[in-house]
């Protein structure tokens, strides 16, 4: 069993070392390049959808955002388990950062979803199973972040959030099932079919590029957020 | 409860609460049968020390052994040997003293709660308070019921965190006598105090904590005046720094 | 002392406390009843195909009653540091969780037992429907309380105390609420067991999964 310390003894990362600054810049560079390519792909390269017209292009932001929203919560889950097992502060930092970043992307899903739905179905919100799932995910993120705000003691905050992160993530597949069955009884207005293979290859390619670009964006934002956390910790430790 | 003699061993124990350091590397060995007074300024780690021995708080670093067994390994069994009284009474205000004591007797696994409760009631003279709601009891009586609760299971290690707080002189004298009676061979009594005079009458050893470390650890056998001097100069130097 | 033994001792203590103060059953029960009365004004017809509404209102009442009871459940341990009293005993932390859960189930069941017969009578339910109704109420309430007991232990140790509890419980309890309402709807509408089976299975799965997760993580919540 570990007797080494966890929470108090974290060595704060020095504010700037040339190596890490360079790799950060590289990460942002690649991210910008990918996002630029995505814009080009989304607006110029991918063909216009015959049924849905130009608004459909928001799809290339919507789906990657959903992917990252989900990925981020998975990271919260893994980091939470890792924290409870090892009590190393780093894992709590990662979980917290991922929750914040994930919330941003999930919000994007909830914004782009209705924007896509409206021109096609005439309604902003129709309790579509996919969007409803993301609404629940968004609420779970919200409760996670609120919980963190309500607990001043860092060690306790980390433990509580970790428990919530684990419970919240394990809930995701169950939410998926229950919402899908629920909506199966009312099959109107399913805006987003889970279809993939029918897409023309150009669309698919753009979509994959979107997934890659957004994942890079997630990583870049995570590194930024974690750096902020470490600087804050270093300042706390320097001036108790 | 028979079994190995219950000694306490703290090995480089640290405890932090986030950025706050409560204990910073405490080494302490307490033999069975000791009556130890623990003193120190507020925030020096006295309460945390007791909590760590009681199994309420797990050390961030280091290990706590009771009767040779690491608390982390056999917490449940070891806790059955420890009686702890913290700052609050740990009594349910809306239940009667009898109901509280019976509950704790069962919780501590006593097969036959009634006799243990009777015995504790007699020992602490709370017969009159038995069927009254704890909420209605006076501070002194509540204190005695709290002690009864902590001692129901005949613990080998008794930890009392500032038991004299808020007691008037009469109640304090009663408490001192009670504590002396509790000090039986084979049992460890660890009491945190603020008053040097009380530390002198009863305990056989004084441990002083300062900023989470052991600053003084001396036997108390008739060297009362010297020890009091040392303690006060320690406090003065703390205030100065 | 065994896990179950300690849990039952703790549950017994909570029941004894409640029998003296009648805090939970009183305030939570009254609140549940109030929800139903207000809903009756908002949705005047209960039957005639409005089982969906009836089921929804029923579960809103149960959910609020459960949350009130949960908050109280750990608030009593905060007074006089009684939770420390439990933690310092040989009883494992899991026993504290189970004990609280059992007590909360009993209290919420007491409230439901008062409210449900009203619905049975109003909607002239057959015995098979009543059986489904009771099963759905039990599984759904258990799910809500399992997660709720875990979160209540956390909530009571935050700045907002019990007020943050609904925020924590609601998102996570979405599946069990959907399932419970759907199953209840079938029962109230007399649609028979066929439709109901998947929802019951979902609730059962939810209950088992989160009972295990709660038992595994509860010690982390009470640790200092």
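When the chains are written out, they are named A, B and C in that same order, and each has its own residue count from 1.
By definition in this document, a residue touches a chain if its C-beta (ideal position, glycine included) is under 8 Å from a C-beta of that chain, and two chains touch if they have at least 3 such contacts.
Bear in mind that the values here come from a model prediction, so they are computed numbers and not experimental data.
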- Chain at the geometric heart of the assembly (C-alpha centres): C
- Item | Between A-B and B-C, the pair joined by more C-beta contacts | B-C
- Return the chain whose centre of C-alpha atoms lies at maximal distance from the corresponding centre of chain A. B
- Message: Centroid from C-alpha atoms only, then distance chain A to chain C, rounded to Å. What do you get?
- Response: 32
- With chain centres defined as C-alpha means, what is the inter-centre distance between chain B and chain C in Å? 39
- Message: From the mean C-alpha coordinate of chain A to that of chain B, what's the distance rounded to whole Å?
- Response: 49
- Task: Enumerate the residues of chain C that touch no fewer than two other chains.
- Result: 223
- Task: Give the residues of chain B that touch two or more other chains, as numbers and ranges in rising order.
- Result: 17
- Do you know which chain A residues sit against two or more other chains? 156
- In the complex, go through chain A and note every residue touching chain C. 84, 136, 139-140, 142-143, 146-147, 150-152, 156, 159-160, 162-164, 166-168, 170-171, 174-175, 177-179, 181-182
- In the complex with chain B, residue positions of chain A that touch it: 1, 3-8, 153-156, 236-237, 240
- So, in the complex, the side of chain C touching chain B is made of residues 1, 6, 9-10, 12-13, 16-17, 20-21, 76, 79-82, 84-92, 223-224
- Across the complex, what residues on chain B touch chain A? 14, 16-19, 21, 59-63, 72
- Task: Please give the residue numbers of chain B that touch chain C in the complex, ascending.
- Result: 17, 51, 54-58, 76-77, 79-80, 82, 84, 86-95, 99, 103-104, 106-109, 149
